[in-house]
Amino acid sequence: MIKVAIYGKGGIGKSTTTANLSASLAAKGYNVMQIGCDPKADSTKNLMDGHRIPTVLDQIKEKGDRLKLEDIAFRGFASTVCVESGGPTPGIGCAGRGIITAFNKLEQLNAYEVFKPDIVFYDVLGDVVCGGFAMPIRGGYADYVFIVTSGEMMSLYAAANISHAIQNFGNRGYARFSGIILNSRNIDNELELVQRAAREMNTDIVKVLPRSHYVQSAENEGKTVIEAFPECSMAREYDELADRVMGVCCHV
Amino acid sequence: MCDCGIFSSSLQYVTPAHGGWGVVRVGMLAPESYQLFVCPFACGRHGALGAIKHGLKDRISYFYIDQSDIISGYDDLILEGVDELLGQLDKRPRVLFVFVSCLDDLIGTDCDAVEQELGRRNPDIQFRLAHMNPITMGSDEPPQVGIQKRIYSLLAKQPRQDNGINTIGNLVAVADGCELHKMLKLEGGQVLRHISEYSGFDEWQDMARSSGNIVLMPSGVRAARDMQERCGIPYIFLPVSYDLEVIAGQYLSIHEFINSRVCAAYDFSSDIAGAQAAIESALKRIGDFPIFIDDSAVICPFGLAKALNKYGFCVRRVFVQEVIPADREAFEWVRANMPDTEVIQPQHYDTVNFDRRFEKSLAIGFNAAYISGSRHIVNAVADEGMFGYYGVKELMHMMEAAMDTAADLCALIEDYGMVV
Amino acid sequence: MNKLCVKLPPFSPDYSGVCSAIFDLNCIAVIHDASGCTGNYTGYDEPRWYGSRSAVFCSGLREIDAVLGDDEKLIQKVLQAAESLKPDFIAIIGSPVPMVIGADLRGIAADIELRTKIPCIGFDTTGTGYFPDGIAEACIALLERFTLKTDEKKLSGVNLLGVTPLLFGSETISSLKNVLLQNDLELVASFCEGLTMQAIQNAAQASLNLVVSQAGIQPARYLEKKFGIPYLVGAPIGKKAQADWVKSIFSCIEEQATQYPGNCPGNAEILILGDGVLCKAWQMGLQSEFGVASDCGCIFGAVPGLFGEDMLDLDSEYKISEAINSGKYTAVIGDPMFRALIRPDTELDFLDYPIYCVSSKMSNQKQENCIGEGLNSYYPHFTKAERADSLGKLI
């Protein structure tokens, strides 16, 4: 089982990227699980035909100790297993802690043993890297971390924060920082900007994803590009990303 | 274990002799009040068992929150919990303290809004959102300060003041035998009031009629300052001292504070003579027998060390976790003038080695006694009941009595019912 | 325990379970809290605290450290103390605040271990679980960390799992151990009372694990999975029950089989309140000695592996109170604190059986030893229809 965390600033396209990555690998025959770690809880929407699934936290609140695995894990496109950790009502509570509780619940219910995924993606909001949002990179969870970013300032800033979190805690057996996925926004000098940032973070760009109208069109249908337009050029880009991610994770 | 005068922040060892009243018991001083704790169940265990020990369990309940409540925020649960509680109580309290614990400082419940809403729903009850949050120790509002502030915030401004004087901060009233009572009576017929003497909420409002607050413990200063602003009651801070010179100065301050209009000030000479006689007698009995002092017995342990040293006693150890501002000057004096006196942090991790046993000693304070294994123990906690020349006399009697008996420390601690 | 609790004190929490489990070992245990959590343990959850030299410490967590996630401060404090005290291992134990900020106690432990070269274990306790969870977590961590693989099996060697002063009085514990001794069984390791590092290392030499309270079930499952050691769930309460227990021990060793107690059908007259496994043991004892049927009121949550209508999950004051006052029972056995829940119109006999994890030292009663014949002399001592208020005073 390979466990990969994909971090990125909110709105940068990390959920779209992750869902397409999951879809691509699932289409190739891998058993894939995707866990959304964002209080927005829409990471897996495009794998579930545009439907939002109930979150782990909502279900814990509703069902308490009677909670079963089938209440929180759902099969989506090409049998991907989809989970959303969820979060509190905006303005109160603690979103970071929510992720930890959701993770503990998945473990308690033996999710990994039951679904036996070949690959697990944690799709994590990277704006804040407090204890909870850092959970996926801790020992025992993800082994590899990729950061999705564009050339925009705030996005690169978030990326630098995440890479700090990983590198600061080298002594604790945390995940390995495995590279940057550049999700192009077509701003000036984008590639150079991100290359420079990657050098500063001591890592490489794994893949440059071009901007494509297929992404929006697929999303409008509540699908990933892989599912909606399997023959299009953008689908090939995601396939290539999937190959590279697998390459990094299997050969490091 | 540090003996260099520098107080380190280390892992903390908690002896069975460590502790005090705890916010639950302090809060219970407020007449006709009830407490509801909204927290993980674990946070409530010591408070509940302490309340059973002190016969207060019928005034405290718990509303347990779990992890999912913490994640989603529990502002609404507090409202529900209070409704449910009030539905179950036989008698509606006049005051309900809703306590939250340390974790609330991190998730930021909107306590003011909750307090207002509770008051709107239950106009016959005064609500105070209170905190049992030792995580704020070292800040400007640690739990012991916060709870006193909230208690005294229940005293409403009264139209007219009378000739009463309050002591606040101290959790036990100054003993009847103390000359302070006589002094106030003579200098203007004033009575000395203390919260522990009231069982009814309405009668307790008398304290808001008083014309002055004497604050005996640092944790009451904040409450006194608030009362000065809200009720126009001035205050004076006079931490309990056992030093005859300091006491003389304190009584002079009180004399000025109460703005005495009588010509003849109270004559302390017989009280002073009594204290001096007690000192002589104790000194004769104790001589140079080693004395250990700790900060559970008195608020200003260095002040006491200095006083005892001046009287001719042999203070060998002072156990202090940290020096409070009111005791800073005495601390400096002790460092300069009592070089043979060890200063030890009772909570330092090295305490667990128990390599400083010294049975042939007289301990003033349970913690000093526990750590040193002292055979003779003065059963004194937090200056309770003490003040002025009376306090000196009383302490000397206790020291003398302690010399004549081998104490059962375990029983003393159990009997007192410490809460950390 | 959920929501409103008016009469009962909160029971011992998970972090106390961890501390209690490692109390006998030469270790440094650090509860990562401000002071109150440590105070719970030292003041009310550890009957052995007075006069002991166990190095259980409070980390002295402060708001600013929590907000900034200043783990280095904690680490430095631990390094200092470890340097001075030279423990065999270090435990970093969670409490509500680390839970909320998501402190990575296992990660911190790994970091400390790297720097001190002393084994260091992190526990994600939260103060929202009961002590059996903490004991179980501690046992499994100790077993994982220190127990050696072995081919040397002791045929008559057994481990005790779930022995804890939080449930068992000291006399009860010694008689439990005596039963083993008298039957030529060798106690390899006693989790967790009188535990030594040597015993933990040798634990895999046992041929059977004896689970005497619910805290022992998860460790037993771990030992079965990892070392293939079967386990027997139950405790010898009552004379005949003791004989049966010993018989089962030998048959389980012989057949290398795991065994759970069965159901006790019958129209229950008595309600037993407490730890699930111990309630079950009482139930079987009462059945075999006196022919009385009873229900088990599990106050620390349901017990994995023990099912049936006679196992009631009473996880809140409300549910305990409903059960006591249901009219179904003529008598209740449990901690004296539960007397406070008897309603004025409920007629019941009550047998006090104080347990430390409920009333701590506040019951002012010694726990009677009910192992083996102990039950036979204690059981008749029901007190008639006496009720207590929430202060424990009889009314």
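So that you can tell them apart, the chains are marked A, B and C in the order they are listed, and the count of residues begins at 1 in each.
By definition in this document, contacts are C-beta pairs under 8 Å (C-beta built on N, C-alpha and C of every residue); 3 or more make two chains touch, one makes a residue touch a chain.
Going by UniProt, the chains are A = nitrogenase; B, C = Nitrogenase component 1 type oxidoreductase.
Bear in mind the structure is a predicted one, so any value in this text is a computation, not a measurement.
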What is the shape of the graph in which nodes denote protein chains and edges denote touching chain pairs (line, ring, star, complete, other)? complete
Most central chain, Cα average position: C
By mean C-alpha position, what chain is farthest away from chain C? A
Once you count every C-beta pair in contact for both, which comes out on top, B-C or A-C? B-C
How many Å are there between the centre of chain A and the centre of chain B, using C-alpha atoms for each centre? 54
What is the distance, in whole Å, between the centres of chain B and chain C, each centre taken as the mean of its C-alpha atoms? 36
Length of the line joining the C-alpha centres of chain A and chain C, rounded to whole Å: 40
For chain B, which residues are shared contacts with two or more other chains? 67, 70, 106-107
For chain A, residues contacting two or more additional chains: 94, 97
Where in chain C do residues touch two or more other chains at once? 99-101
Within their complex, chain A touches chain B through residues 57, 60-61, 87-89, 91-95, 97-98, 101
If we count contacts the way the header does, which residues on chain C are in touch with chain A in the complex? 69, 99-104, 106-108, 110-111, 114-115, 124
Using the touch rule from the top, collect the residues of chain C that touch chain B in their complex. 1-15, 28, 30, 33-40, 42-45, 49-50, 53-63, 66-67, 77-78, 80-81, 84-85, 95-97, 99-101, 126-128, 359-362, 389-392
Under the touch definition given earlier, write down the residues of chain B that touch chain C in their complex. 9-14, 16, 19, 39-46, 48-49, 52-53, 55, 57-58, 61-64, 66-67, 70, 81, 84-85, 88, 101-103, 105-107, 132-139, 349-350, 352-354, 410, 414, 418-420
Please give the residue numbers of chain A that touch chain C in the complex, ascending. 94, 96-97, 99-100, 104, 130-132, 134-135, 138-140, 169, 171-174
